[in-house]
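Chains: A, B, C and D, in written order; residue numbering restarts at 1 for each.
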Amino acid sequence: MIETLIQLLISGAVLGSIYGLIGVGFSVVHTATGAINFAQGEFAVLGAFLAISLTGADLPHFFAVIISPIVLTLFVVLLFRIFLTRVADDALYLVVATIALSLMLKTLLLYFWGREPIGLSSPFQGKTLNIAGLMLGYDQLLIIAGALIAYIFLLFFFSKHPAGKAMKAVVEEKEIAMASGLNPALYQGVAFAFGSLLGAFAGCLVAPVSMLSYNSGGLLGLKGFASAIFAGLDRPERAVFGGIILGVIESLVVLFVPSGFKDVVALIVLLIVLTLKPEGFLSGGRKRLA
Amino acid sequence: MNKKHRFILTISILILVLLLSLTSCAKKETNKTEERKPEVYKIGVILSLTGAGSPLGIPERNALEMLADEINGKGGIDGIKLELIIEDDQTDPAKASQAARKLIEKDKVIALIGSSVSPCSLAIKEIVARYGIPWMCPSAANAITEGDIKWVFRTAPKDAVAVEALLNYISKNTKYKRLAILHDSNAFGQSGADEIKKRSVDFNVEIVSIEKYETNAPDLSSQLTKIKQSNPDAIIVWGTNPGPAIAAKNMKQLGLNIQYFGSHGIANKKFIELAGDAAEGVIFPAGKILVADQLDDGDPVKEYMLEFASKYEKRFKEKPVTFTAHTYDALNILVESIKKAKSIEPEKLREAIESTKDYIGLDGTIDYSKEDHDGIGIDDLVIVKIENGKWIKLQ
Amino acid sequence: MLEIKGLNAYYGHIKAVKDFSLRVKKGEIIAILGPNGAGKTTLIRSIGGFSPPYTEGEIIFNGKNITRLKPFERLGLGIAVLLEGKRVFPGLSVADNLFIGGYTLRRRKKELKENIESVLELFPVLRERLNKRASVLSGGEQQMLAIARALISSPEILCLDEPSFGLGPKVVEAIFKTLDYLRKERGLSIVLVEQDAALALKFSDYSILMVSGSKKIEGRSKELINDKRLLNIYLGG
Amino acid sequence: MLGLFKKYKNLKIVLFFSLLLVFAGLFLNNEYYFATASIFVINSLLITSLMMVIGYAGQISLAHGAIYGIGAYTSAILTTKLGAPFLLALLASALAGFLVSLIVGAPSLKLRGHYLAMATLGVGEIIVILFQELDFLTGGVNGFVGIKPAEIFGYSFVNLTEYYALVSVIAVSILAFLAIFVDSKIGRALRAIKSSEIAASSLGLNPSFYKLMVFGLSGAVAGSCGSLYAHLDRFISPSTFSVSFSVMMVAMVIVGGESSFAGSLAAALIFSLLNEYVRQFQELSQFLFGLGLFLVAIYMKGGIGNIGKIFPAKLERVKRSEAS
């Protein structure tokens, strides 16, 4: 029993790291624009698919995983420059534009990569670590590591790096930021691109474990959004832990309820947390209107 | 004063709209198909080309287009060409029913084919029953051929048939008694699991745990960990890609070394590609088309299937899957029936379809009768095992 | 150095500022007075380049026409604007608030450091709270932080909208003293919007009274202090 | 009578809408068009009711599709399984929508913005899962088959032309009620609350009560929409009421303009027609729909309903900033 429990905890942590990695992208975009990027899940799938195509062209796994997010980011920067700057100021319209974008991206994914799910061949060949009967695959381990790296990186970025501080400043008080010489559209664009970079990175890490299809973005996006909310949107890096908590809950819940109700329980926990702490479970505690 | 105003206003609007209803009712619908020979035979096709059902819908569409081109290439049916009007229901039943209405009422098609997933087909069923035109259905839910079956003809094996084939194999050819079920929460997975549960008693097996997962879930190890705890002899995974492939990989990674049984939803190369090593030894029911080259030479469908497979591969650069067969047969039967009925009058066409006997198609041998509008029986399925990345026919 | 010529500012159909002209010289403090809705805030927003409003007329700074420049392009030229109400980035630390104030200088690390040092000398209170979140500071401290932040980029002109609003008299006194010091020592020009007429007249060189968008009275502050008309407008509306 | 239109400005739009429906009824000539028109009417009502939550209460709900579903399932179960008359089922659907909407709206007392969006999304998701799991009642994932046609005093609305008329009458009455509601005392109170909650509560208005009331009202309307839809297609399944549908509804409200009746109706028209139009393009269907939405979002900022009023809209914003 205890072994099962620990195994479930591990599974939950892996699942949660996936959610969290997608979730940080949401928070980062929200940090600068105040909007939710509904195409985040599609960005993750797009990142994974690009990496798959690159490995298909005989590029080593490692390079594919690095190049794919960069290519995607460039694409998003262009997209933002050409179209989205027009609505960057208005979170509501930006949200609608991302909803539309997710529909269009889905079709493009279907067109270029086909209807069937595809997986990224893993450099570890599905090898498994066996610690006293507990099983943990190397790929899974990599996902958890990726989530932690993202956490540390973002923590550093937002507290130390000038661009991170500027991004926070833009969303906190846009007009003062402008008066301080910051061009909000620039930082909104940067945040958007950065969010998609994180999404693509998440996609690349997830692809070896779970085969993705052009249609997978919706579910990933939903769980990522939940993780971001769980953690509080004002602290982007904490979405990683928001995701892990969500994943662990989902995983453990399976023990007690039929798995059809797994999500119901996870959502109810989320609702309770939101009612107790409206600004997010892990948030800094400062009340602010989202 | 104020209240009076509101009352008057509401009443006037009511009268206005009631007027409308009277005027439009006055125009009686004339929905009779003319008995003259049409210029083309219009066939309405509704498939799930986007959304969760697209892995089914797209090959189904491919098969139809290929067949229609072939027939038209030979000059059509007695000189009259076929025209397919294809609509995408986006795997949403509400859109499927609108598409059905459009095809019947606006495009005046003579018959319908579709849709890919059961909820969409069930939505179409209501419409077809109302307007009365022949409908060939390629999806699996039992409910499609229950109740009023006058207009519906199915070419796919229904859930019950596939489940029966698998359980039959398990109880007769293996010693597994304690089974666990892991299934997709979508219509395909849910009906499959319900059917297994229902029939388990007949086949003398015990279902020790049932777990489900959301379509596109990225990881299934928590469900499998729970299944492991119930200590089953074997597991049945009922779903379409990628879920079953993720399950196979997760099982390997969790060290859950029990026999893996699948559904006909994994009867495609994709599953082997996705699951890799983990696909080895997996056993599942499938249409004969999957292992056409391994059929006995005496099997009447062998030649036909091999020929189809090579044509399909040539045109679409991929192997045909079980679903391609469903719509291919549907259109073929329809064409045969038009020839036979020498009419496109719905009732006559329907009777012609109903009288289909010993039709040899890609799904197997199809027979319809007044009581039975399910063409495919348990004999038309084979049990297949994956060995060295290849399908091996077991029965 | 700053010159406004015939400025008209609109919100939709409403003309909030009517044909307003102004010249600000180096080291001068100009106070804009007037009742609520007189168009003072609109004027400051126009100088800062914030929209709304939609504006007509010209704003010229050191010989350069800046009327169509974006707000963030104006700071680099030497115009710092503190808008009404919003003072600090509440979620950032005091140090980060200052850092954002000097964001345009971030590549010139030495200069930035010196500027921050000199500003902290002006407001020693802030030095003690460098690592605190700005939201936990008192109102007066927040106002000081706001001014400090605006000064880091060493502007030539500082525009403030109601710096005394909601603050205690002692704090206000201290803030105005600092402003006066800045003008004398560094030759900073200041445009000040202020409700508290007595206070504004005391500290400024030149004052303008606005009523419903236009100039009503203007003159040297020392002379205006005893002007009866001013009192009438404030009391009688 | 004219005074009435002056007082309740949105009534003019409703009148125009009903004329449009009559006009359409005269020209449409087959049941497919009538079904499309009925779906347009239902969507109009649905989007308008969500617009009330967003535009008048300043809240967001991503559970609107689920509440629409609650109405549909309530009506289906009552008429088909229990043999209740249609009108009673319609009322029951409205009531069910109202009650569930209060639950959905409850977090709005504490939450705002994206947090509220997530909370309502969560409730919506739970409701859809219940549709799937309670299969003895709902038919599960495969859907609820064989819903009885709407029947009033023994007359059965099987013919879609007649059903269109029925839907129109019901929808126009509800819309007229909403139009009167938003310009009534309560509606004005709501607008006061939306512009400043603190100011409104100092006037003795209880923001929580009013916000919940709008949620409830909008839920009741969505519930009746569900009932109307259930008896149109006579088949319902959980996937129709999924979160993505709710998201699309919110997008439509934004596209229409946050607090505009005309905008909501126009958005409903675009949504319904675009949906019909793109289906024939097969795999491209979603792309074209997305492209349409994208262009509208980017180039029609302010909402279709507000095109004529871009100036006044700016004006209002200023008044607010001047006041503060």
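Going forward, contacts are C-beta pairs under 8 Å (C-beta built on N, C-alpha and C of every residue); 3 or more make two chains touch, one makes a residue touch a chain.
Please read all numbers here as calculations on a predicted model, not as lab measurements.
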Both-way neighbours, i.e. chains that touch subunit D and touch subunit C = A
Note = Via touching chains, subunit B connects to subunit C in a minimum step count of 2
Request  = Tell me, please, which chain's centre (mean of its C-alpha atoms) is farthest from the centre of subunit B?
outcome  = C
Message = Using the touch rule stated at the top, which two chains are linked by the largest number of C-beta contacts?
response = B-D
Task = Averaging only over C-alpha atoms, locate the centres of subunit A and subunit D and give their separation in whole Å.
result = 31
Ask   = Which whole number of Å gives the spacing of the CA centres of subunit A and subunit B?
value = 35
Request  = Starting from the mean Cα coordinates of subunit A and subunit C, work out the distance between those two points in Å.
outcome  = 42
Key: subunit A, residues touching no fewer than two other chains   = 106-107, 110, 218, 260, 263
Overlap residues in subunit C, where contacts from two or more other chains coincide = none
Interface hub residues of subunit B, defined as touching at least two other chains = 50, 54, 58, 185
Key: Of all residues in subunit B, those that touch subunit D in their complex   = 5-6, 8-10, 13-14, 16-21, 23-25, 27, 29, 49-50, 54, 58, 61, 85-95, 97-99, 101-102, 104-106, 118-119, 122-123, 125-126, 130, 141, 143, 147, 185-187, 190-191
Request  = Mind listing the subunit A positions that touch subunit C in their complex?
outcome  = 162, 165-166, 168-169, 172-173, 175-184, 234, 284, 286, 288
Ask   = What residues on subunit B touch subunit A, complex-wise?
value = 50-52, 54-55, 58, 185, 210-219, 221-223, 225-226, 228-229, 241-242, 245-246, 249, 252-255, 268, 270, 273-274, 276-278
Inquiry  = List the residues on subunit A that touch subunit B in their complex, please.
reply    = 1, 4, 7-8, 11-12, 14-15, 18, 106-107, 110, 115-119, 126, 128, 130, 135, 137, 140, 206, 209-213, 215-216, 218-220, 250-252, 254-255, 258-260, 263
Task = Going by the contact rule at the top, pick out the subunit D residues touching subunit B in the complex.
result = 1, 3-4, 11, 14-15, 18-19, 21-22, 25-26, 28-36, 39, 132, 140-143, 145-147, 158-159, 161-162, 164-166, 168-169, 172-173, 176, 180, 229, 233-237, 239-240, 275-276, 279-283, 285-286
